[in-house]
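Below are two complexes that have subunit A in common, paired first with subunit B and then with subunit C.
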Partner chain A sequence: MASIRLKNITKRWGDFVAVDNQSLDIEDQEFLVLLGPSGCGKTTTMRMIAGLEEPTEGEVWIGDRMVNDELPKDRDVAMVFQNYGLYPHMSVFDNIAYPLKIRKSAPKARIPELVRKAADRVELLQFLERRPRELSGGQRQRVALARAIVREPQAFLMDEPLSNLDAKLRVTMRAELKHLSHELQITTVYVTHDQIEAMTLADRIGVMNDGRIRQLGTPDEIYNDPANIFVADFIGSPSMNLIQGAVDRNCFVTAGGQQLTETPASDLDRAVLGVRAEDIAVVRLGSTDVDARVYAAENTGENVVLTLQLGEQRITCKEDRYLKFSINERIGLRFDSSKTYLFEPDSGARIRQ
Partner chain B sequence: MRTATRRKFWRTVQTLIIVIAAAVMIVPIVWIFMAAFKSHVDVYQLKLLFKPTLANFAAVFAEPYKLGDKLINSTIVATVTVVIAIPVATLASYSFSRFRLRGETTMLVMILATQFVPAVVIVLPFFVMFRDVGLLDTRTGLVLVNLAIVMPFAIWMIKGFIDGIPIDTEEAALVDGSTRMQVIRNIVLPMAAPGLITSGIFCFIIAWNEFLFALIITNKDAVTLPIGLALFKAEEGDLWNLLSAAGIIIMLPMFVLALIIRKHFVQGMTMGAVR
Partner chain C sequence: MRDNTLKYLLVMPAVVIVFATAIWPLIQSFRYSLFQGRLTRPGFPQGYIGFENYTWAVSQEPAFWNSVIVTGVYTLLTVALTVLLSLGLALLLVPGGRFRMSIQTILILPFAMSPALIGVSFRFMFNPEFGLFDAFFGLLIPPLADISWLSDPILAFAVCVMADVWGWIPFLTLVLIGGLAAVPSETIEAAQVDGAGGWQVFRDITLPQLAPVLAVVIILKSIFSLKTFDQVYMLTNGGPGTATQTLSHYVYFNGLKYGQLGYAASVAWLMVIPMIFLTYAYAKLVFRKAQQ
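Now for the complex of A and B:
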């Protein structure tokens, strides 16, 4: 077990910058999730830790070793791949035993015991003699996990390990992963584009875009205290409403002239107000200064998702599932100023007061 | 009713075309097969009932034809060609498939381009070069020529098979603790085995049937089977019964190999490695 440190890591292919001068400290035993849209550099970052990709600039440290020049085999990390990367010509037993055999890290006589122990952890004991092609997707993913945990590596690297599974299995496996990581207490870097996976599994999340980590923090911080428009927009479903407007005498005013909410910020000609769908309350028309027209009302079973026409802009809000709305109905809205976020429209940076 | 009739008509036409196509390919082989067991006098008669004899096979192995020597030459040349070509081509294909090389596409195209040059154009330069270095009429010379012929083919073919192996599987092996050579030995070779066998057999067939270069650069010691056939042109005309017997001997290994390829060719390549 070890900490992982990236010092000013850059990865370029020709003119394309995949990872841009990024530093990152991952603590010992931490579960860190790199979250971002596809092409944001999260997988490249992980592959540089594994040694499958060479950084153009910067240093990778595992524990107290600088590993830039070490081969993947010498870095002592275990990796789980999106497509599992199983050895199709070997049985499940041989797949799990492969790292032990090739590293000669355990005495030969102990290998069967260790393999069985790892297989037991992921409930694969009855499949040890099968070939990967005879297993379901979830079982194959568990073989990949068992192969990672059969030895005690310095760190686990997981590259979208659940994204090939169907939705139901993904939820089950997510819980298993959470349980497993709690039991094993090994430093883990986990790459995903699924924010639910990130929120549920992570000790800390690094939200990445364009080769940079845009915010690094606990799931709570990422969700409740976004540092910029990108993070605010990327996290949450439906994504956060971003309303264009201005700040005038401690009040956020939309482009259409509606006064939405108070804000401690000083006057600004242009500003963006972020507010989550669940933090907007529908009230009787006329009881607040804000009114909107229902554009669409969708009942998801869990709640009603409203798309509202607010002046020139459309916003979404989530309301109690028992409320009924009809299209073009006019309703009043109340914004809770403690649950709104103000952003700089050009740089996307959060404006804090 | 009308559609049923029409469908029946087309079905008949299809069958007819298939029968004709099959006949075009099979009839000569059947003819050779029968001629090989006929006596000299029966060869020119198209009768299906005749007294079969093995005398032709005995004759082709005896003096003056001594087909046995040619059989040994052909076997050695084709085998050595395959034994050298497949490992070398495998390493080349692996590099082309897995590493970004400078001028990779150009190299691959150049390798392929060697196949565009008609053999007749380069056979004389080869003759002159081989004469100067003393490789005329040697098996070594033939192996070299055959390697030049099969290598581009083998590299392209094996590259196709290696491209089909998911890169994740190899990277998993690297992280699990393998060196690059261990990855090739433990992961790539077993997974590419059906492809390597298929390519090996194709190369063997090409080397076995190679005619033009063997005709020009051998004359006595290193003569191969296809050239050996020319021996059966006698003053009294072509000795069809002996030619046919020799033909059978050339075709038989090809037939067996074709059966093996068929089995391996349909075998799945990735076998559940991903998804």
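Now for the complex of A and C:
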């Protein structure tokens, strides 16, 4: 077990910059999730830790070793791949045993016992004689996990391990992963584009875009205290409402002139107000200064998602599932100033005061 | 007209053509192999002698066994060399950069040449007076300058093998590049992370996944090597003596040159025996893959 440290890592292919001068400290035993849209550099970052890509600049440290010049086999990390990367010509048993055999890290006689222990952890014991192609997607994923946990590596690297599973299985496997990581207590770097996976699994999340980590923090911090428009917009479903407007005498005013909420910020000609769908309250028309028209009301079963016309802009808001709305109905809205975020429109940076 | 009748009618021309050009000649050649079958004498195919041609070839003809050995050694050497060299080349070219496509195009050129042409050009290159190799070796290793390659039994055989390997490497390389490209890179990366070094990855991961393609390639090349004729005919014409006389060449000599059609047909049918095994194995591999 070890910490992982990236020092000013850059990866370029020709003119394309995949990872841009990124530094990152991952604590020993931490579960760190790299979250971001496809092409943001999260997988490249992980592959540089594994040694499957060479950084153009910067240093990769695992524990107290600088590993830039070490081959993947010498870095002592275990990796779970998006398409599992199972060896199709080997049985499940041989797949799991391969790292032990090739490293000679365990005496030969102990290999069956270790393989069974790992397989038992992921409930694969009855499939040991099968070939990967005779298994379902979820079972294959378990084989990949078992192959990673059969030895005790310095760190686990997981590259979108759940993205090929169907929605239902993904939820089950997510819980199993969470349980497993709690049991094993090994430093883990986990790459995903799924924010729910990130929120549920992570000790800390690094939200990446364009080759840089835009915010690094606990799931709570990322969700409740976004550092910029990108993070605010990327996290949450439906994504955060970003309302264009201005700040005038401690009040956020929309482009259409409606005074939405108080803000401690000083006057600004242009500003963006972020507010999550669940933090907007629908109230009786006339009881606040804000009114909107119902553009669409969608009952998801769990709640009602409203799309509202607020002046020139549309916003979404989540309400109790027992409330009924009709299209074009006019309603009042209340914003809670403690749950709104103010951003600079050009740089996207958060305005804090 | 009923659908069924029309169906058979439509297939009929193909059946007739296959029968006339493949099945009928097969039957005829088998029939001739049971007769004396001398083209040079009246009354062809003369008297029925049963399997005497076959027993004669196997028991009374050292030249037949010479050809069997020549063909066997030739097949073993050409298959082994071509497959090994092609695999090496394919491994070099697979991860390659942007020049790969143009190199591949150049690579295919030797395969685009007819085997007879390869034979002729190699005969020129090994000519002891004005040949390319002669000049080349003469410059590098003077004692080798005056060797007359095609007059020495072992050297002539080596030249035949070399010409064949040269002609076949490109095609096999391309097939193997295709096979290697189909090996999922994740399995290779997984093995690297699991702790395997370069050679171990190749031995444990790449080679087993390449095995089906490799088997097809080996069988295909064996079939082609076993029936080699044109190149040998142009390059050495079986000589010196019978040092490079493959079975096909032996059949040709006896059948068309000496007019012993019955005997030649029986030797051709003896050649069918290894071919059947190889073709069966090939078909099984290819069709099993298609079924999956």
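Here is the rule we use: the second predicted complex is superposed on the first by the 353 of 353 C-alpha atoms of A that agree within 3 Å, B and C clash if a C-alpha of one lies under 4 Å from a C-alpha of the other, contacts with A are read in each partner's own complex, and residues count from 1 in each chain.
Note that a contact is a pair of C-beta atoms (placed from the backbone, for glycine too) under 8 Å apart; a residue touches a chain by one contact, two chains touch by 3 or more.
Just so we're clear, the structure is a prediction, and the values are computed from it rather than from any experiment.
Student: Put the two structures on top of each other at subunit A: do subunit B and subunit C fit, or clash?
Tutor: Clash: subunit B and subunit C overlap once superposed on subunit A.
Student: Looking at A:98 after the superposition, I want to know if it touches subunit B, subunit C, both of them or none. Which is it: first, second, both, neither?
Tutor: After superposition on chain A, A:98 lies in contact with both partners, subunit B and subunit C.
Student: In the overlay, work out which of subunit B or subunit C sits against more residues of subunit A.
Tutor: Touching more residues of subunit A than the other partner does is B.
Student: Just checking: does A:14 make contact with subunit B only, subunit C only, both, or neither of them? Give me first, second, both or neither.
Tutor: A:14: touches no partner chain.
Student: Quick one: classify A:85 as touching subunit B (first), subunit C (second), both or neither.
Tutor: Both partners, subunit B and subunit C.
Student: Can A:164 be said to touch subunit B (first), subunit C (second), both, or neither?
Tutor: first
Student: If we overlay the two complexes on their shared chain A, which of subunit B and subunit C does A:107 touch? Say first, second, both or neither.
Tutor: Neither: A:107 stays clear of subunit B and subunit C.
Student: Touch test for A:131: subunit B only (first), subunit C only (second), both, or neither?
Tutor: first
Student: For subunit A, which residues belong to both interfaces, subunit B and subunit C?
Tutor: 50-52, 71-73, 75, 77-79, 81-89, 98-99, 102-103, 105, 147, 157
Student: How about subunit A: which of its residues touch subunit B in the complex?
Tutor: Against subunit B, the touching part of subunit A is residues 50-52, 71-73, 75, 77-79, 81-89, 98-99, 102-103, 105, 131-135, 137, 140, 144, 147, 157, 164.
Student: Would you pull the subunit C residues touching subunit A in the complex into a rising list?
Tutor: Within the complex, subunit C touches subunit A at residues 184, 186-187, 189-197, 200, 204-205, 208-209, 211.
Student: Which bits of subunit B are touching subunit A when the two form their complex?
Tutor: 166, 168-169, 171-179, 182, 186-187, 190-191, 270-275
Student: Given the complex with subunit C, which residues does subunit A contribute to the contact?
Tutor: 50-52, 71-73, 75, 77-79, 81-89, 98-99, 102-103, 105, 147, 157
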